[in-house]
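Each of the next two complexes has subunit A plus one more chain, namely subunit B in the first and subunit C in the second.
The block that comes next holds the complex of A and B.
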């Protein structure tokens, strides 16, 4: 190979190099900093260079920290519940509204309104609606002669309250993605199914859902990542309480850094969360590959038909 | 080029200014204590808090009198803490005078970030002989200003002064005079009476809670519990840092809080200070025991439905008298630029004159003489009771140590479980004590055992 052709081959990489380097530094430096901090006993009143190196102590201690474990459990429960509800409701609504109705565009806009509201505002809004005496829910219950519900002052109810607020805000996200996926399905497949006499359910189950699956998995993944990191709504609505019933992990991390001033421990917690999310993402990507292949086969079959 | 010219110009100006000042001083022309600092700017960081809102109204007077300019960053309390903590780690900070909340004393002093004030009070050119430090409220000075003595955070032969209380608070009992009169209820003087009245009110006055208290999970529930712990004879630690929060007094305090919340207004378990105060000012509870800082709001008819109907009494007595101490103090960061001018401002603001001026604008006095002032009592009739309450202000009602944030949060979430999940107080406090012991051990508090 001549030098010129060698150089030719390298040219694109050389052009890319600065951007790649910049991206690597911008992405990796903060993460590297966090990983490094997690090995330190570091208070915010110290320079990082003054902090004591403690190896894996922060990581190990967390497994004996009841509050951390409880909060980890709350986070898993929260993410599982909200994402399941949002997927069911979002996809269900999309299937229901996937038709050429008049005014659908306006309806769609209304549906995605909650997503556009800042989470802190959503938190405040729901907090006032859940207010024990002047909130809309308890006032309504009372006017019907029913017992008021201790929305935010009981562990179980406050968990439910936070779930409702999150589902309210993020179901539209799943809805809008599902609707887009539905509307880009190959019509030929559906028509073929109709000719074969498939019922509505059969169409949903055997054609629509499998074809939508790649999009749904990405939506699920995005929601799952977000649900694990939710902070503002819970911070404003319950501040983790009562007890630790709604103390999700990001709130615990925030408090560990802010209130307890243990930056190293907070970094270790963040890394646990990061590892968990990376694992989840990898699993989903592998699964997605399989699902995509299946969807592609279905599509191809539909096009042949 | 332009930059270096600029720098030369600034340097020259500074040199000329310094030379002039030096000559002036040498000539003996500098008569007033402020002359040498005229034209300097003190940059301060203050919280958004009623006391400091009052301070802002008084600052122009200081500039008029001294020629020292003041620039203030006023931030919400949590933001203030975050910003100050970062500022203090810089080589050269932006602030010359810093307001800090009482827990921060432990962090800042331990990290050697606040000036020891002795060197300013020793300087005859700076220290005002008429300052009268004896008049400063002792409990506040001990709580907010002094560190290095007993237990590290209290005064004692080895302690020294790092800040001056400014915007400090204690607790009083606010009650509805009209409701108490209507039902012939006496103002509670003891804890037994307090708890009885707290549960009597909802029976005699439909829809009204007995006492509004903080109770939300975390810091708020912890604060509410500690408020009762000290007067009922308890402490979080003994003198050797062994947790004794789970002794008889601790359980009593937890039960007292539970009774108050159970007989309180609806939704009381989610209350922070703002919600509790709102419940009282909107007439849904008959009593409120918390910081004196809320009184001004209760008496403001535009915000409160109970203005003019509120009586104020001392924090009831348990086995001893002990009202809380908290709020803010001011100190000079070690990395400040204009430390001497900052000291002059601090001294002026906390002088008899400054303290009264701030109090007249609605601030919290730091001096006994201010509370005794006739003019102030005419404007704010509750001032005399507050002054009386301060005699019992307990500087040790909660520990001020670097590990406190974590222990405080644990007390608060555990108390919240007692209030909402029916967790047994003894069992709850045993858990807190065990975890606190571990935290203290890790932090090295048992090294000398």
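The block that comes next holds the complex of A and C.
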């Protein structure tokens, strides 16, 4: 190969280099900073260079930190419950509304609205609705002659309250993805199923859901990743309370840094969360890649046949 | 097996009328073939019968009971879709057995049925594959198999062999013919293929632009087409149409045109009362020409191209300015550009009205 042609091959990389470098610095610097901070005993009043290096102490101590473990548990429980509910409701609604009736387009648009509202506003909104005396729920209960519910002052009820708010905001996300998946299903396969004698349920179970599965799995992973990071709604509604009943991980991290002023510990917690999220993201990428590879393999096989 | 009757069945998509009111009766156990040019409404008719499209008017009766309120699955039909419509996520065995699994057929019975049909269709070795891993022709056979494993009372086939090679098509044709003779099922079969229509159909329905042009046995359609469209559609190679003037000479009626003058047989001449001295369309089947000039009336044709088909050749010739196809025995060779003389079996001639295109 001549020098000239070698140079030619390098040209695109040379043009790309500055942008890639900039991106790498912009992305990696804050993350590197956080990783470094997690090895320090660092207070906000100190320069980072004055902080004491403590190795893995922050990470190890967290395993004995009951409040941290509790909030980790709350986060897992929260993510599992909201994502399950959102999947069931979102997919269910999509199956229900996947028809060409007039007026449905408007209804669909309305369903999507909650997703467009800033989470902090959603939190405030629900906090007022859950208000023990003037909130709509307890007022309604009262007018029916029922006992008021201690929405935000009881551990179990406040967890339920937070779950409801999150489900309200994010079910539409699953709903629009599912609806899009449903509408791109091969209609003729559904017609064939009809002639093969499938009932509505059987069509859903044997044809629609299996064909939607790739989209559903990606939607599930995206929602899981998001649910692990939830902050504002909970912060505004319960601020983690009462007790630690709704203290999700990102709230714990926030408070460790803000209230307890332990930046190094907060960084270590963040890194645990980061590892968990990276794991989920990797699963999603691997899954997507597998789906793509499979599709490519099928195409190749079909061309051979 | 029900008798099926269409009564004034109509179909429009918005302002586009695809089927004008249409009457059609399919007898119990009959193999009906729908033929017609692309876009004439064959698939639409089939899909209406299957309940996949709603009627815009009229009614369909099964054994004289109206069925337009019945859902597809209550009509007891099996269908081969024009676009196959396989289940992409199921392997071939699962695709074929879906209906049987839904109605809880015993496992062993499903297995034997699928195996038998798959072997008949030469797809026994593909049962584990997904549809995306098959070629077009293989997919089409799976679509066929999925219908054939069922025990429905009516089978609908929408061009089920269109993607197969000639040999396989021949084999499948034989299998279908055997099914037709042994099973007491209603079959409605859509095709473009002459040979399929003629060999399989108990009755052929010729459609054009949503209108039924004629229906009858293959023989009726071939020997007595109702109009020029049917005459041109049935039979291969297609019938030749020539402009001719009818002239009477000494009691014999002649069709005279550019480069030919053919006497018309007595019975035909009789039905042409009132057309004397008028221009008509003369129809001559390519098989009505004989290289033995002692047969019938001689005609001179100039050979343009000879299309070799094996034992037979189709000669593309000119008679004056018009193109004329001639079926010819390949064993007697002919030279391109040469002037040839053939005998025309005049008793096979047909005459069509120039304007209405009806056969006279």
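What we mean here is this: the second predicted complex is superposed on the first by the 283 of 305 C-alpha atoms of A that agree within 3 Å, B and C clash if a C-alpha of one lies under 4 Å from a C-alpha of the other, contacts with A are read in each partner's own complex, and residues count from 1 in each chain.
Quick note on the criterion: contacts are C-beta pairs under 8 Å (C-beta built on N, C-alpha and C of every residue); 3 or more make two chains touch, one makes a residue touch a chain.
Here the structure is a predicted model, which is why all the values come from computation and not from measurement.
Once chain A of one complex is fitted onto chain A of the other, the partner contacts of A:216 are absent, as it touches neither subunit B nor subunit C.
When the two structures are aligned on the shared chain, A:66 is found in touch with subunit B, with no touch to subunit C. Within the superposed three-chain model, A:197 lies in touch with subunit C and out of touch with subunit B [touch as defined at top].
Contacts of A:179 after superposition on the shared chain: neither subunit B nor subunit C is touched. Of the two partner chains placed by superposition, only subunit C is touched by A:301; subunit B is not.
Between subunit B and subunit C, the partner in contact with more residues of subunit A is B. Of the two partner chains, neither subunit B nor subunit C is touched by A:165. Note for the complex: subunit B touches subunit A at residues 78, 82, 85-86, 88-89, 107-108, 110-111, 113, 216-219, 221, 265-270, 284, 402, 405-406, 408-410, 413-414, 416-417, 419-421, 423, 435. Residues of subunit A touching subunit B in their complex: 43-47, 66-67, 131-133, 148, 150, 152-155, 238-244, 247, 255, 258-262.
Those residues of subunit C whose C-beta lies close enough to touch subunit A in the complex are 50, 52, 71-73, 77-79, 81, 83-89, 98-99, 102-103, 129-130, 132-135, 138, 146, 150.
Those residues of subunit A whose C-beta lies close enough to touch subunit C in the complex are 186, 188-189, 191-199, 202, 206-207, 210-211, 295, 298-299, 301-302, 305.
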